Amino acid sequence: MLKVDGINVYYGNIQAIKGVSLEINEGEIVTLIGANGAGKSTLLKTISGLLKPKQGKIVYEGKSIGGKAAQTIVKQGISHVPEGRRVFANMTVEENLQLGAYLRKDKEGIKQDLDKVFELFPRLLERLKQQAGTLSGGEQQMLAMGRALMAKPRLLLLDEPSMGLAPLLVKTIFRIIEEINQTGTTILLVEQNANLALSIADRAYVVETGRIALSGDAEELTSSEQVKMAYLGGH
Amino acid sequence: MTTNTPLLKVDNAGIQFGGLKAVQGVNVELDRGELVGLIGPNGAGKTTFFNLLTGVYVPTEGSISLNGEKLNKQAPYKITRKGISRTFQNIRLFSELSVIDNVKVAYHSLAKHSIASSIFRVPGHFSGETEMHEKAVEFLKIFNLDRFMNEKAKNLPYGQQRRLEIARALAANPKLLLLDEPAAGMNPQETQELMKLIALIREKFDLTVLLIEHDMALVMGVCDRIYVLDHGQLIAQGTPAEIRNDPKVIEAYLGEEVS
Amino acid sequence: MELIQQLINGISLGSIYALIALGYTMVYGIVKLINFAHGDVFMVGAFVGFYSITLLDLSFFPALLLTMAVTAIFGVIIERIAYKPLRNATRIAALITAIGVSLLIEYGFIYFRGAQPEAYPSGVLPTEKISILGVSINSQSIFILCTSVVLMIILQFVVHKTKIGKAMRAVSFDAEAAKLMGINVNNTISATFAIGSALAGAAGVIFGTYYSKIEPLMGIIPGLKAFVAAVLGGIGIIPGAMVGGLLLGVVESLVSAAGYSLWRDAVAFIVLILILIFLPSGLFGKNRREKV
Amino acid sequence: GCGGAEESGGSGGGKEIKIGANVELSGGVASYGQSASQGLQLAVDEINKEGIDGKKLKIVKVDNKSDAAEATNGALKLATQDKVAAIVGAATSTNTLAQVQIATDNKIPLITPTGTNPDITNKDGKVNEYVFRTCFIDPFQGTVAANYAKDEFQSKNAAVFIDSASDYSKGLAKAFTDSYTKAGGKIVAKEAYVAKDTDFRATLTRIKSAKPDFIFLPGYYEEVGLIVKQAREAGIDVPIMGGDGWDSPKLVEIAGNEALNNTFITNHYSAADPDEKIQEFVKAYKAKYKDTPDGFAALGYDTGYMLADAIKRAGDASPEKIKEALAKTKDLALVSGNVTLNENHDPIKSASILKYENGEQKFATKVDPE
Amino acid sequence: MTILKSAKGFWLSILLSIILFAIIQFLIIGEYLNGFYINTIFFMGINIILAVSLHLIIGITGQFSIGHAGFLAVGAYASAVVSMKLGLPFPLAIIMGGLVAAIAGLVIGIPSLRLKGDYLAIATLGFGEIVRIVFLNIDYVGGASGLQVSHLTTWPWVFVCMMITLLVIRNFTNSTHGRACISIREDETAADAMGINTTYYKVVAFVIGSFFAGIAGSLYAHNFYIIQPSNFGFLKSFDILIYVVLGGLGSMSGAVVAAILLTIISTFLQDFPETRMVIYSILLIVMMIYRPQGLMGTREITSFFKKKKSVEGGPKDDNQHTVA
């Protein structure tokens, strides 16, 4: 479904991504794990068009999308829930969700998807008219995901959805991620909480200083000594 | 200042934002040398509680005292000078300043040389600055940050920035250190390093620590006692073992019990 | 009676300020740029209107529409050339560029046509003096007040209810997140400038017909006053700009009425500073303390 | 190095005589400076058709940005860098005053076309040897207006409305007030505005309630036009009178024909004056600049001729000689009247009183200086 | 040890500036420079003082003040009154100009402390306008017509005032007090939490900055023969602001370089009277577009000499984004 081939990404002169290649198949949950500053967020931003790769190719459903503008990429069915949620704090929950469907014109479909979002996140329905900025952290995360789903994506990029959330909410969010996946959305998940991420993922890539250090089946990696040592906090 | 007054005594403190009671009726007592956790769901008022302690917000009710001395309505910088210092949930370093200058800012209140002496460069300025510099270098060594001494703070890797923020807070020479989610955004490996750092701090400095954290492994692992906030109110307090099994806490915060 | 007359004088002066401040505050609120060139776009509008009336023989409304179209395009060009490259720079750098653009428009204009004033032909808009109980009101000032109120309502509607308005607010709050919604950030910002500049142009034509005298440096003071009105009302708050403008006009008139016309601007600024000291985010700005 | 053109206009060796023009081309009063500078340029172009003893005048312009500091800087440049033979000074008094000392120190004659402050030519009872002017000084016009108000309208209660940023306006107002009160009149309202204001309604409402029977409004046409217009709108229909600063066709456009009825000005020149010299000037100016000349342009133009006349009489384009010749200017026929410079280097000119009727200036009466 | 090193650099720069002083003094006395160039040099010195004094407020302390011409005006008028009306000697006039302006800085500094960002900007701009209008209405100092002032400013005075300004502000900045100000600029909340009395330091920055603006005002008044309120409008404040931003916010040498550069450009443009403002504005726009961070960024001139010693992977202030 998505194929990233040898991309290099720079911030000014600093190279953040060094020749990364990866693949995501339809219907999978793939997770990226790695230390702080390894380049995970950068990779997601490059896929969603916020950053341009200097070299390399990104092919999505047979079409090259590397370096295209973000709005084109959203249109093709890739939605990105950025690190830190980034909800529009000065707007209501409802307006945030409407913006998620910014490029869509099918009124009917939008309505249906809105109902679907409320099914997944009943809390958002309760807070419809509230300013997004006054939501709690967990609610904001739900809103950010709901907003992304309003674009009707086939591939959802999630950047650290558990960050700063209470344990109870982390569980809820992960349950919902699995639910979303089951309705047919492919998911690329970046997580610090590697244990949890690996537990729901099909496959995983380990990112170290801008490179893919390891990749493979989620279960395999969970039991790998190397991963345990470095990322799972095991001994 | 008898030894049986607690270091920090918060009596029925609360604050309202418009109609929202973000914190209400909170009573907390911390003894010298304790490491206490503060947990609770998102939006429970934990950070707001820190803001009350440090004077960023003025409590609309109740009182806060440190070492028996009331802190109400004092400017934040005065409270810091009295001995409470903190880190922030979102890192707030002085990003254009070098690592060592970040620490020196925290030493500022200890400086003995006046503005005039700096402007006219009298010997007092040089001795004051030299002393500050040497102290800061020594201090950074403890945190293993001396190799980054002259880097701008913004150029440090994330984990080191967190470390520097803690170091900077300690440089202000607090009796009570407040840490707001120091492990946020860290992977389990990095979290373990953080735990080691906290242990080191307790060993080297004579400190009381209040810690907000969502990482239960960390909280349960290092805290002597834990307070739990929900909707601005304390719903439980006790040892990690007690908290872990408290049904109210499980319902509001933990989900099912954590291993 | 004199006091009422003076209040009316103040409101009619204030509605001119409000008219200019509306576009100012909108661009300001969304792009977060203190667009010092706004006053100069206003001036260009006044001249475009003048030439369309005198050279093209247009009547008031066609001239107004033509002017709005021209200044909208002009605003977009300014944005693309001078402000867009500074999107990621500090706001103060963008402010300096805005000052540069303002000087360029003023002196470019003087270079090509000279500094002498021009006068709008009289009778472009019918003027009638309405006298009620010894208080006289110019029908044009009623027209201006109504125009400002209507524009304020339209603008408020556009920014808060329409799709483009939502896109504008989204871009303003977080451009990167807005991109992820599929919003074309560049086009949205251009649209903001187009609307803001069209409003400035309209204000220029209305100003011209009302006061009749126009000249290349005419935008400086109204631009400054509009900035003050916008800040007074709370940055980016459209009804705030309206109220700020009116308040400014009334304060100035009352000071003149008291015989201190030379202290007029000083008093206006003192009122501004006092209001800001008690309401640090302006009259309508939410005094949102930064969440730590 | 310290550049200095090898071909220096000062010492009269070359074919060109360099004349400096230090005027307001940008900044707050750019329109004044531009007009004066255009008038000067026109005069120089005409003079150069024949030349002065085979030499041509060359204008070296500097822009003082309507700022005294820049005016100083500009004067220094003209005096020490360009080494001009004379400087045509700024359009406003302040920016001229900023140059007086420099002209004196460098011994270069300075002529202001429109700077009316008495201090320019005569400070503390001492004549500034190198400084001259082409315009009236203020008192004369003010006195004429006061007399006219008393004699023609039997005015007893006058209002004065001045441009407080202008020495010209203040000077006229002072002379008016002095003569008027001396003759038994009463000033019932004394108000002020600042150049570039556009809305005068509040102050006019105030003036109206003081019930004056005559308004003296010495100012420049840009604001005066607006004031007259707004005054009539506010229901003030008493006679309004001003000085030469009103004189511009733009005044009529701004204020409108009707509003200008029952208004009067004192002037030394009128663009509508059938006088041949004036009409030729107006025609030439219109042809060159596609605009009707205002008072600044006329005085700028006259300054060019006054200077040319002095150079001719001096027979030598050295600053010293020019200065001496300038001081002896006598009965020189200029657009703004026949000019003789008095011992203070101020021109003595006669004034006309003109009256606006449906937008046209009509000659009312002529007053000679005593 | 770093302190010793910087002391060496310090004496070196003092020596260099004395040489500069002597050269210019020699050129002036020997009449190798004509009045125009001399005046340009004076103006440059005055502009440097203005730029550096505003740099302390905006660049170091981060307080967005755009009414600096107000302090310039207060200094100019105060000193002119002292020398012209009271007939006291020029040095006293200079000092009084600074002191009165410093008091004005205190007065505006205290109420403005509650304000941030653009709200502070408009308040300071308003203050500048109020000052101008006050002078406009005081007949004692000539009202709108201005006050004539004798020419007393000489090169030694300009030089001494400039050097004192540079030294004082540099010394202030490179001390714990300067760091306190920078920490306010970087993050006021965090500075507060580190025990910095932010209110105090903001006022101090305003007072020192306006003191030197007042000194510049004294030199200005006694250099240009006449001062009038319209010299000190908000456009003058913008000129000073431009020096600071164009030089690079936070860089003192940047402010100096920009003040010199723009004074030279402005002088050079005298030769194009009709187009000077057009050229100037285009230059301004182009410079900002190509170097939005200013000529020097946040660096000081001295950092260029130290470059080789910088640690590997040192700070990169190249913040271009590859954002689409």
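In this document, chain identifiers A, B, C, D and E correspond to the written order of the chains, with residue numbering beginning at 1 in each.
Basically, a residue touches a chain if its C-beta (ideal position, glycine included) is under 8 Å from a C-beta of that chain, and two chains touch if they have at least 3 such contacts.
Computed from a prediction, not measured in an experiment: that's the story for all the values here.
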Mind listing the chains that sit against chain D and also against chain E? C
Measuring centre to centre, with centres taken as mean CA positions, what chain is farthest from chain E? A
Rounded Å distance, chain A centre to chain E centre (Cα mean): 49
Could you give the separation in Å between the centres of chain C and chain E, each centre being the mean of its C-alpha atoms? 32
Between chain A and chain C, what distance separates the C-alpha centroids? Give it in angstrom. 42
Contacts with 2+ other chains: residues of chain B: 56, 88-89
Residues of chain C touching 2+ other chains? 107, 110, 176, 179, 262, 292
Shared interface positions of chain D, touching two or more other chains: 25-26, 28, 164, 194
If you look only at chain A, which of its residues touch chain B in the complex? 33-37, 135-139, 160, 163-171, 192-195, 229-233
Taking the complex as given, what residues does chain B use to touch chain E? 54, 56, 75-77, 80-81, 85-86, 88, 92-97, 101, 104-109, 111, 113, 115, 118-121, 125-126, 128-130, 132-133, 150-152, 155, 168-169, 172
Counting only contacts in the complex, chain C reaches chain E at residues 34, 82, 85-86, 88-90, 92-97, 99-104, 106-108, 110-111, 176, 179, 224, 227-228, 231, 235, 262-263, 265-266, 269-270, 272-273, 276-277, 280-282, 290, 292
So in the complex, the part of chain D that touches chain C is made up of which residues? 25-26, 28, 30-31, 33-35, 38, 164, 191-194, 196, 198-199, 201-203, 205-206, 209, 222, 225-226, 229, 233-235, 250, 253-254, 256, 289, 291, 294
What residues on chain C touch chain A, complex-wise? 163, 166-167, 169-170, 173-174, 176-184
